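Going by the order they are written in, the chains are A, B, C and D; count residues from 1 in each one.
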Amino acid sequence: MDFFAVVVIQVVYAIATLALISIGLAIIYGMMRVINFAHGEFLMLGGYATVIPTHAGINLWFSMLVIAPVTIGLFGVVVERLIVRRLYGRVIETMLATWGLSLLIIGLVSWIIGYYQEGAAPPLGSILIGSYHVSTYTFFVILATSVIVVGVYVFFKFTPHGLIAQGTMQNDRMAAALGVNVHKVYAVTFGLGAALSGLAGAILAPMFGVMPIIGITYITKAFIVVVSGGSLVIGGTASASVLFGTISQIVTFATTPIVGEVALLVAAVLLLRLLPQGITGRFFRRGL
Amino acid sequence: MSLDVTRRSVLRIGTGAIAAVASLGPRLGLAESGDKIRIGTIQDLSSFLQPFGTQKKRCLDLAVDEINASGGLLGRQVELITYDSQSNDQLYAQFATQLALRDKVAVVHGGLQSSAREVIRPIFHRTNTLFFYNTPYEGGVCDRNCFCTGTTPGQLLENLLPYMIKKYGKTIYVLAADYNFGQLSEKWTRKIASENGAKVVASEFFPLDVAQFGPTISKIQAAKPAFIINTFVGPAHASFYGQWSAAGMKNEIPIASQTFGEGGEILRMPPEVAEGITVCYNYLDEIDTASNKVFLQRMRTKFGSDFGYIGDLGVNEYQGLLLWAEAVKKAGTLDREAVIKALESGISIVGPSGDVSLDPVTHHCIFNMYLAVAGKDRKFIIQEKFEKVRPTNPNGVCDLIKRPETNVQFQPEAL
Amino acid sequence: MHAPALSDADVREMTNGPILRTVGLRKTFGGVAAVDGVDFALAEGELRCIIGPNGAGKSTFFKMLTGQLRPSEGRILFRGQDISRQQRFRISQLGVAIKTQVPSVYDDLPVKENVRLSAARKQRPAGVRETVHHVLTRLNLSNHADRLVGELAHGQRQWVELAMLLAADPTLILLDEPTAGLTRNEVERLAQLLREMRGKQSVIVVEHDMAFVQMIGGTVTVFHEGRILVEDTMANIRRNTQVRNVYLGKR
Amino acid sequence: MKLNWAVIGPAAAAGCGLALAGILPSVVETFVLVDLTAYIVMSILALSLALVWGYGGILCFGQSAFFGLGGYAYVIGLINLGDSTIPVALGIVVPMIFAALLGYFLFYGRVGDIYLGVITLSVSLILYNLINSGAQFKIGSAAIGGNNGIPGVPPINFPGVPSSQLSYEGSFQLSLAALVIIYVALHFLLASNFGRVVVAIRSNELRTELLGYDARLYKLVTFVVGAAIAGLAGVLFANWGSFIGPTVFSIFFSAQIIIWVMVGGLGTLLGAVAGASIIQAVTTWLGSNKIADPNIILGIIFIVFVLLVPKGIQPRLADWLRSLSAWRGSSGKLT
């Protein structure tokens, strides 16, 4: 019985991690229809922005929840200025440029810091569920993800910038006609997306450790989740995460991790065949 | 289309030029090398296998320095030609051909992943270029042109498992990388376990990019084994240890590992995570012998005090190169046949790990194995030393003296 | 105002049964009916105009006729064959060609290639070259033949799309607001062209330009809120108070 | 005028190719041939994506899947049969069949572009996982080999005579011949009515269907042809390195192909060849001269490229030459 409880926790946790690694990409993609192939590296940098200050003696939580998102957010704004802005509306070029950026970041980080795995131990210890030990950090990840998702929703739904951004997302020409500075909106949104990616990487760092190459494991899944999610930034990402997280984790429990991974991919393939615009694309226009 | 001709030729010239440049680089190095003995290596010096490649390259450089400092080989200096495979098998193939056909090196030491080894081994076999593979691997390679100086699962597990079984109990949970090394090690584990009256209660295999171990940790708790033995490979898997200790399991079920430490984890992982993990290697930086002290001193003088953890990945390169040098001295020539004969004469050296000698029959190494446990202070504490551990060779499938023409990698069913 | 060469009555005489019929055609988007039970008939060789305020369902109606939308209910009979569930290319192969409201052309291809692609579907290369040349001259596009369509003005792009239609030599032509962006005498020419077609090809025109509708004459069908309000000659429709209220009244 | 150029172009290409095939082996050293062969094989792979994506507008993130399938089909067949003739055919047919099934699944389901990208990516990752962990599986006498792949693949032999195997030179010439033939064939395919319709679909799918063309069918055929070419590249790759491993299914490799095509210029054939060759050459060069981490150099190259040469190499070169000749023409008039 308590094993069942543990399974449920692990499934929810898997869903949370998927949503966490995807949300930043989702906002950028949903906003400007741009696939940021350096997304994985944003997470990776977020991880380092947590581990390095912590090694330097700064409080883990402060590095994780403040330093990482801020630095990566600013970095995102710079990237938007230097690269993405020059390529608006050119999806393919943006993909190539951001792929180049991802290689560049991997190269630089490994050159400066080295390819070593920065080992870390999740804080908060563990709790007993029946006869099972479960890392308390698992619950923290679930909680943090829920807060982030809700927070993003509130931001776009109720804050002035959020509303403008949402309008721009749905119809940038109209927004421009109404005197919205589309470029500024894009810059801020890209920065926000980057910040969230950094935060995600930071939160996951104690679980997965950090290394220059870790981005690859993130980007593939995030890409699949975001696109499968369809036109709704938050609704889509959330629903896709729930679907894939549940499937892969349950299969993993029932069989092996590799079958779980394959199950996720197969699910994505079948889903997009049945709903060619992604989960939410069929029923909604672009939005949250 | 009217521009095709020009365009094509332009592009052709472009490509040609680059190819020429590509070939130029080491050329320059060659020109002033005069009558030096050229030996080659291909290492993963960039991309995701870099940490291993870097350490291996350092050890080779050190060995070359020592040989040259002591007057070189056959009175000639030795020059090491290095290529960076960028952790990419296709480049392994390209550089292997270059080493064999252009640089015409006397021997090649290198390669990390088994896939890379299996890409270049045939090339060196075909081009009669002597090849040393100085890395712990899944075992079974039987090729007269190839010498494997790393540990094989049998050598390792036949010492590690009995210790664990005696100390902790007879039920084993196996966690392994989902590829050849892991799968073969798992088979060895089952075999050796049964020989020691223990049994494997469950085995799980993980793709190299899996970093999520929640379900596994729960499954292990459900199975309640006496201990865990893992064959994790690569950084993603390393996150298991953190998640394991975070789940508060560290003091519940002990872990033995076939790979922990080879990526320098012992220095990077928080001690509260690493402490207590049991390993068994041919070499550990902590070995307290004169020869090792000298070795470490030389590393420090060459690379500064923060050269990281060496481990047997690096030292195997060092020992492999010394073995070859010894054979060349004995043969008195660089001629491949003569050197192979010398190598098959039961040649041996004293390396950082102690006595290392080549087994003529399998072209693998007979050396010491050290059993150690990760301590509190980012160091291994050596528990036992097993001397002259022979390479396992089930039912003598591989006999390069009787059957020199053999050129295969024997697969698990041979077990 | 010209007198039509043939009255629609004569046309109906000559032909047996309608070329196109729709029976209780409906299309709903999330509960809202854009087209709400349309029974429509077009005679072989007839030229028909459809008018109606924005959102009356004209374009949706066209989209269903050409397989761009699946009807929610009802049937579309083209020469007695039910095409309401057919793929759009299959319907086109049956001889139904459409000029969409926003010109749908190959902006990044030359005018000539646009027309060629249309002609090449049915014809052998030799015939194709001939057709292309003939159509381009007929719509005096010859001197634009090698320009990219994207570079042309809106009006000219309309003509290109028209040329593509003619090159395909269809039996039923659907024109969605063809006069948009045309100059006065271009409109004249278009009307002339359509009158020439009468009797040879069946044509349905959706138009807002009343003068134009007047010009080409023939029966006019008024759409309102997804239904057919009236079908009559333009003259009578002008007098129709109902129409005035829903449509002209708004002017 | 246009027409005869359309013939002269590929003819010249063929000429150059044959000349190189004849001359190079005697003038350059073997290891250079080996490298060039690798570039040629990758150029063929790039051509397959140039067709499918550059002209067909099908954003395929899994082109390497067909490359890998071709390679594995060839190797497994060869190990079982001993003679390379049928295996080569297998290496082309198997990917075609796979592409036909996948393509039917995609195009007749009218899956949208980026979604198509995700599906193709996922499919190649599925293949990666299956083969990578399939060390214990055998097909006939061929062990899949898991992550180690299948090493020691014998070279292609003269049909029916397993003993007469291709030398390094032979492989170079065969690959170059394949490249030239495929280039010329694609050239004419794209000039044909079929090719023009394919381009039309990329330009405006709705209109093309309203003209009565079945876009699904045209896309499917394009996809399958692309798979065949990629499969052949896979065969030649396995023959070149005498190994095939699961990494050919990895996202890294798939992305590489996309980059080659983009760097060369979308909607061009020679561009794809150039992109593949140049990037390959640069990568090799970086491996032999340790300047900096190759990732840094490549990353900078890609970024700079997109920002400064967005159209890709070939169009840039074309513009440049065109303006040159235009200038010549005008100056010619003056005198």
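In this text, a residue touches a chain if its C-beta (ideal position, glycine included) is under 8 Å from a C-beta of that chain, and two chains touch if they have at least 3 such contacts.
Since we're looking at a predicted model, the values are computed, not measured.
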| item | value |
| --- | --- |
| Chains touching both chain B and chain D | A |
| Chain D reached from chain C - shortest hop count over touching chains | 1 |
| Most distant chain from chain D by Cα centroid | C |
| Intercentroid distance (Cα basis), chain B paired with chain A, Å | 36 |
| Distance from the mean Cα position of chain C to that of chain B, given in whole angstrom | 75 |
| Approximate Å spacing (C-alpha centroids) for the pair chain A, chain D | 33 |
| Gap in Å, rounded to a whole number, between the CA centres of chain C and chain A | 49 |
| Shared-contact residues (touching 2 or more other chains) in chain A | 107, 110, 216, 258, 261 |
| Touching two or more other chains - residue numbers and ranges from chain D | 129, 133, 293-295 |
| Residue list for chain B, restricted to those that touch at least two other chains | 46-47, 178, 205, 207 |
| In contact (per the touch rule at the top): chain pairs | A-B, A-D, B-D, C-D |
| Residues on chain D engaged by chain B in the complex (per definition of touch) | 2, 5-6, 8-10, 12-13, 16, 20, 28-32, 34-36, 38-39, 129, 132-133, 135-136, 143, 145-149, 151-152, 187, 240-243, 245, 247, 270, 273-274, 277-278, 281-290, 293-295, 313-314, 317-318, 321-322 |
| Touching residues on chain A, where the partner in the complex is chain B | 3, 6-7, 10, 13-14, 17, 107, 110, 114-126, 131-138, 206-209, 211-214, 216-217, 249, 252-253, 256-258, 261 |
| Chain A - residues contacting chain D, complex | 35, 37, 83, 86-87, 90, 92-97, 99-108, 110-111, 216, 220, 223-224, 227-228, 258, 261-262, 265-266, 268-269, 272-273, 276-278 |
| Parts of chain D lying in touch with chain A, wherever the complex brings them together | 105-106, 109-112, 114-115, 117-119, 121-123, 125-126, 129-130, 133, 251-252, 255, 258-259, 262-263, 266, 292-303, 305-307, 310 |
| For the chain B and chain D complex, residues of the former touching the latter | 1-12, 14-15, 18-23, 25-26, 45-47, 82-86, 88-91, 93-95, 97-98, 101-102, 113-115, 118-119, 121-123, 178-180, 183, 205, 207-208, 407, 411-412 |
